[in-house]
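Here come two complexes built around chain A, the first alongside chain B, the second alongside chain C.
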Partner chain A sequence: MSTTLKLIVRRLLFLILVIWSASTITFFVPRFSSRNAIRERFAELARTGGFSPDDLDKIIAAMQAQFGLDKPLLQQYGDYLWSVVHLDFGYSLNKYPATVLDLISQALPWTIGLLIVTTILSFIIGNLLGAIAAWPKAPQWMRFVATPFVLLTGVPPVLMGVLLLFFIGFRLKLLPLGGAYSIGVIPNWSWGFALDMGVHQILPGLALILGSVGGWVLSMRGMGVTIQGEDYVNFAEHKGLSGFRIFRDYYLRNALLPQVTGFALALGTVVTSAIVVEGIFGLPGVGTVLQNAIKSNDFPVIYGIVLFITIVIATLMVLLEFVYPLLDPRIRKQ
Partner chain B sequence: MASIANTAGAAWMPAEVRQPGRLALLLRYLRRNKGLAIGLTILLLLVLFTIVGLLLGDPKHAYPLSAPTKRPPSWQYPLGTDFFGRNLLSAMAVGMWQTAVIGLLAGGIGTVIGVVLGFLSAYFGGWIDTSIRSICQILTPIPVLLIQVVVAGSLDKRDVTIYTMALIVVMLAWMGPTLVIRSQVLTMKERQFVSVAKLSGVSDLGIIFKEILPCLLPFIAAAFVGQVFAAVFASFYLAVLGLGPLREPLLGNIIWSAQTQGAFFNGWWWWPIEPAVAMILILGSLALIIMGLDELANPRVRRSE
Partner chain C sequence: MVDFKVAAVALALAAAFVPGAAYAQANTAGSAASEIVPATPLPSVPRDQTLILGWSITSPVGVTNPWALPGYTHQEGNNLMFEPLMYYGIYADKYIPWLATSMEYTSKDYTSLEIKLNPAAKWNDGTPVTSKDVVYTFEGQKKNDKLPYHAAFDQYVDTVTAKDDETVEVKFKIPAPRFKFEVLTLKFDTGIPIVNAAWESKQKDVNAAAGGTEIPHSGPYDLVAWNANQKIYNLREDWWAIKAGLQQDPAVKRVVIVNLGGQVGQNMDTVAQRIVNNEMDSSLDMRAQVIGNILAQNPKVQSWTGNDSPYGYLDWWPNSLWVNTQLAPYSDPNVRKAMSLAINRDQINDVLYDGAKIATIYPFPLYPGLQKFIDSPAVKAEEAKYNPGEFNLDKSAQLMTAAGFTKNGDGMWAKDGKTINATIQAFEGIHSDIAPVLVEMLRNGGFDASVNFGTDALQNMIDGVPGFYLSGHGASLKDPYAALELFHGRYSSAIGTSAGNNRYSRYKNPEYDALLDEMAPLGADDPKFQADAAKALGIYWRDTIDIPIIQWLHRIPYNTTYWTNWPSAKNLAMGTNGAFWAHTGMLVITSLKPTQSP
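Right, the complex of A and B next:
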């Protein structure tokens, strides 16, 4: 028991270290840069809105006091870390009364929905195809289903998205070219709207799935090949167990374990590609918020989103590590 | 004495059996390692396209207002022109050239840093190893692209050039090669020939450069191509997010601008599709080469003919 506790404490310490280093990077990098976010923002306002340059300096000084930018650096750093603990990422410069967390939480359901569906689907499809591709008794045609997916491994989901937009959206006109729902439709709770929304999610989802299935196929096939030679698979065959049973209980289950670790490691890539794909398709998720923030120099939003995603990914990785003993009895016993 | 050995050798080995040349051996190996061959061929064709495009076309046409706008592909403009009046043929050639510069520069620097740190960490061990390894471990869960977004976003737009892109990409891309080289050196260090060298009084540097480094060359080559791939990928993502040097016709920038102008909605399909296909070919060929080199570096996965 005490060893488990020690392990948990060690992992939590690790998590804190990761979050600390990420927030340190997002704190110091902008402060060493030559850009002054507030000055840029108000200079822009001054160009369009028309107040005198003298006032501009006063406004900037006042705003800097408001954001705490006039305090000594170390104190700012302490305040910053404290606010990160509270998940408080400050205010958006562009949509001022809204906080960064407001913007994120508005966009988050879209991103989470897309991510959960595509990640689970690609994990299941990829691992099944990979396992079948390495299974010597699988029918010939089944083993070749995996090949086109493997060829797609090198294609990042964004490019897959552009290709899908061209072939399915533009040429065949089967699916919409972007957006979360049809233009002119007011979001409401009806089946018609849900269907409309679903149709708009197909292409981005497909782009993400096609872009990541190949990776799972490849690693699962590699795992499968090593497990086939194991004695227990051989023994199960000689006991006369049915092929399906061996496939499911002896072969797939053991091959899947390392894939869960791989899943934890792939989280970062999965999330970042989802963000870029959202931007290409104009879905109102976190990715689009990030792209808009980049376009309009809304720095607190950029840093807030980066930090938020890093915290989420690091936490998920540690959580997955705790799930691992549940899946593998050998680790549980130790 | 020498003449006897010579005649004996000649009698034993008929004169017409000659060792095949290096080129022949290479070609023979490539026939066996199909992935490597296909990857190299695609890459070679892309390089050819870039060189021919740069030589025949005027690189100035890769920049806005140098051609009529929004022309679909035709004989005059084989790849069409875009909304800003760029001849996409020149833009693609220049963009691929810039992609290659970023990839090679960032990949090269990243590999060098990785090799040096990996060697330091594995060869000297102790606190150096502990600190390098824990930095790598802590940085691994942080999505590299997001940190690059922070850095690229903090830069003044005028400061963002091809070279700063490469530096941004390399900043967080040395962990992979460091860990690979470290683990290889660790196994290499225990080999007998290293112990023999050590006992014979060869200095640390001598052992590193003369004994271990040559054995690691295939791994370093694989790590280098892997870094080039990662750098091209990362700079592409940054550019697609709108963080690239916006004036330059980087492939990611072309897709970004096409998407912000709603190219598909307006029917300008050729504009985003061309850089996308080019990028797929670049990344695909690099991925094939990586897999091929893996086979070369790891005899265990080397396929038997």
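Right, the complex of A and C next:
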């Protein structure tokens, strides 16, 4: 078997192991709680007045049997692993008859659309500013552009979001206060809708970007300072290459290498950021769905989302291992 | 190099397969609920014909079938689609006939009821609402143990018969004087709508059938779009109630319910900002401080009481501090009384309600029927005897000392080295103002109080953990029976089992049960009923079954920039409450008038 094939097989086996471990932990953790998602849904409806059953216990018992929750735990675990293989988590306990995949597929575009884009933008802006900040030949004024972002690094997205909402949305009325697009508009494939949606993503996007750019700036600046003293950079300068070419091909490319790993990890934290930002801006993304599922102990939905995140991150990590050699010839040779 | 390219492509394909498989599953799994997208672009409706409401939509997209559980709720616009036999105008204290022109008990002992349907009532597909639909609805509730009123139908209903297309006769197994009001009439959030027999009977599993836009309904609005951000309803001009003369042609041609995200009660600060900015016409109710700010910042926003405190109307959910009366030391009525004596209701009124009298001593809201009851001499006598609203820390201390408690170094009552757990389980979205005030009062009285706003609060109430549960009663509206029945011994769950909803007290008292059993078959006007009810309320106070704290207010903001004729203290209209999410919300919405019309 060729070396490459052995590498692929090893990585895939590792991926399966990671997914299995995450699935198992995710299965058992919510079960330690005594909370009952079905009971809580009915009780929430009853509390807010939307449902007033006399025989709640009987209804709950009937629904528990329907969802297989009355089976022994190990049997449920076996059924669960089988559902993981098929990526079919069945029905949400709290939002029956919606399926877990219904909820995820409806929410996913909002998370991907906003958070992936803002993560990529933060990465690009932060690394560029960080590289410029450390580059000795950069104009003085450009080196201070990054400073405000660094100062904002400690500001959590929730606070940033609330401040942006209050000053820009509420006081100045410059941007919408919430929602994914204008009220009453039906999503469609038109430039008008795209613009409307874009306008609604500005504040949530800023809330995420402003607080995260600084981190990339600092780490990239640190890498930049290290690389400046490298022999190959000195050699390129002595060869008389243009400043821009040295910056792009010798300085930035090498400094970016460790940042790529950080970027993959940042994508993995997209959902945790989503929980916060989506809540403030009323965006119906995966973070909101997960938050609601945790609050109601709707474990099929928790399983589905956590597994989805696990698969995405694990796959990204594996893919990274093959992207790295494309970036760094030294690893390729190894 | 070639190997790596091949490897990268192979893995990329593998990674793409994973979500692809998931989406394939989504497409073939035959999921019940899905996004609703109009087949053709919706016609434009001007803002002054559109009503925009804010709500945290928690039910799954596409669920419109009243029998789909637990996904269905009427609160998120489905009340605009489904109608009952009758509504009830609580402030007018009268029935509002709707799909039925009359519902009358035909026997003096309340064992038979005749329903006459409105011959003009139609489903949106043009077919008439007939006795077949009513019989199907009732028998469905009787047979399907997953439906919310199954227990009531099972307990009371013997037979349901269609005498003709417009007449239904219900025979009860036992006297059911309150069945017509409690079950068959829609008011606030209780009662049953009538469902379409033809559609429901075709479903393989009525509890799993979502409904979407295909489910026949008799209400004035059609669901035309629904996704995670909003629900959109359009008025259908052929609504039967207009021709029948029950309602004028609604001015609201489109209703948009904006999903505020999160759970009901969350993100209200942002909602408040959106109301002030005229992005929304109304929303879920607000806390006192928030609505005060809204009114101050936008003069076009009004509340039920205009610009004056307490800003809200009386809701049907008065809150008490409940305890598990089977658990020591809460099982001692003297300890419960001592706790009640630590609560200063006048101070609650001053601190939270600018002096308005909102604190209460009753487990039911003081609507006209119930106000009449508490004004009766019998109830006044019980009140004088037990003085349930008394605030007296000295008396409280005497009771605790007699119960064997002493104050420790922190000033907290303790026995055998342990203080009394006075943690209040509560809901942050709605109790963030009152709970901290109660904590301070209890601590002043020597009870080791704190508040738990965690997501486990509800489960703790159900499990009956030590401490208090701040929650409402959600029972009586017209007469006191439903609220008093919450404490009947048959609902007293044993320690270690789950308490039923609104039955957290687990109280058991044969003397009390006997009174309730005597009341059950009697009408509310019966003198024996009135006398027994007064005695039962006396026992409620005597034993301090729970500690009533506040009437519940719905402080709903109504933005009059585009819509007027909202219900208020000065504009009772049909006598319903002003919540657009209640069953009677349809009557509120269809009565609105555009502000800017000539």
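Just so we're on the same page, the second predicted complex is superposed on the first by the 285 of 334 C-alpha atoms of A that agree within 3 Å, B and C clash if a C-alpha of one lies under 4 Å from a C-alpha of the other, contacts with A are read in each partner's own complex, and residues count from 1 in each chain.
We adopt the following convention: a residue touches a chain if its C-beta (ideal position, glycine included) is under 8 Å from a C-beta of that chain, and two chains touch if they have at least 3 such contacts.
A quick note: this is a predicted structure, and the numbers were derived from the prediction, not measured.
Once the two complexes are laid over each other on the shared chain, residue contacts for A:303 go to chain B alone; chain C is not touched.
Looking at the shared chain after the overlay, A:106 reaches chain C, while chain B stays out of its contact range. Comparing chain B with chain C, the partner in contact with more residues of chain A is C. After overlaying the two complexes on the shared chain, residue contacts for A:322 are found with chain C alone; chain B is out of touch.
With both structures placed on the common chain, the touch criterion links A:210 to neither chain B nor chain C. Residue contacts after overlaying the shared chain place A:165 against chain B and chain C alike. In the superposed model, A:291 makes contact with both chain B and chain C.
Judged by the touch definition given at the top, the superposed model places A:39 against chain C, while chain B stays out of reach. By the touch criterion defined above, A:173 reaches chain C but does not reach chain B.
Touch criterion met: A:22 reaches chain B, while chain C stays clear of it.
Across the two superposed structures, the residue set of chain A contacted by chain B and also by chain C is 33-35, 165-166, 169-170, 177-178, 279-280, 291, 294-295.
Partner chain A is touched in their complex by these residues of chain C: 1, 3-4, 6-8, 10-12, 14-15, 18, 21-23, 25-26, 29, 31-35, 37-38, 41-42, 45, 50, 52, 58-63, 68-71, 73-75, 145-152, 154-155, 188-190, 207-210, 225, 227-230, 232, 254, 256, 258-264, 266-267, 270, 273-274, 276-277, 279-280, 316-317, 427, 455-456, 458-459, 462-463, 471-472, 474, 498, 500-502, 582. Interface residues of chain A, counted against chain B in their complex, comprise 14, 17-18, 21-22, 25-26, 29-30, 32-35, 153-156, 158-159, 162-163, 165-166, 169-171, 177-178, 265, 268-269, 271-272, 276, 279-280, 290-291, 294-295, 299, 302-303, 306, 309-310, 313-314, 317. On the chain A side of its complex with chain C, the touching residues are 2-4, 7-8, 11-12, 33-36, 38-59, 62-63, 86-88, 92, 94-99, 101-107, 110, 165-166, 169-170, 173, 176-181, 183-184, 186-188, 278-284, 288, 291-292, 294-296, 308, 311, 315, 318-319, 322-323, 325-326, 332.
Interface residues of chain B facing chain A in the complex, by the touch rule stated above, are 137-147, 149-151, 153-156, 159, 233, 236-237, 240-243, 255, 259, 264-265, 267, 269, 272-273, 276, 279-280, 283-284, 286-288.
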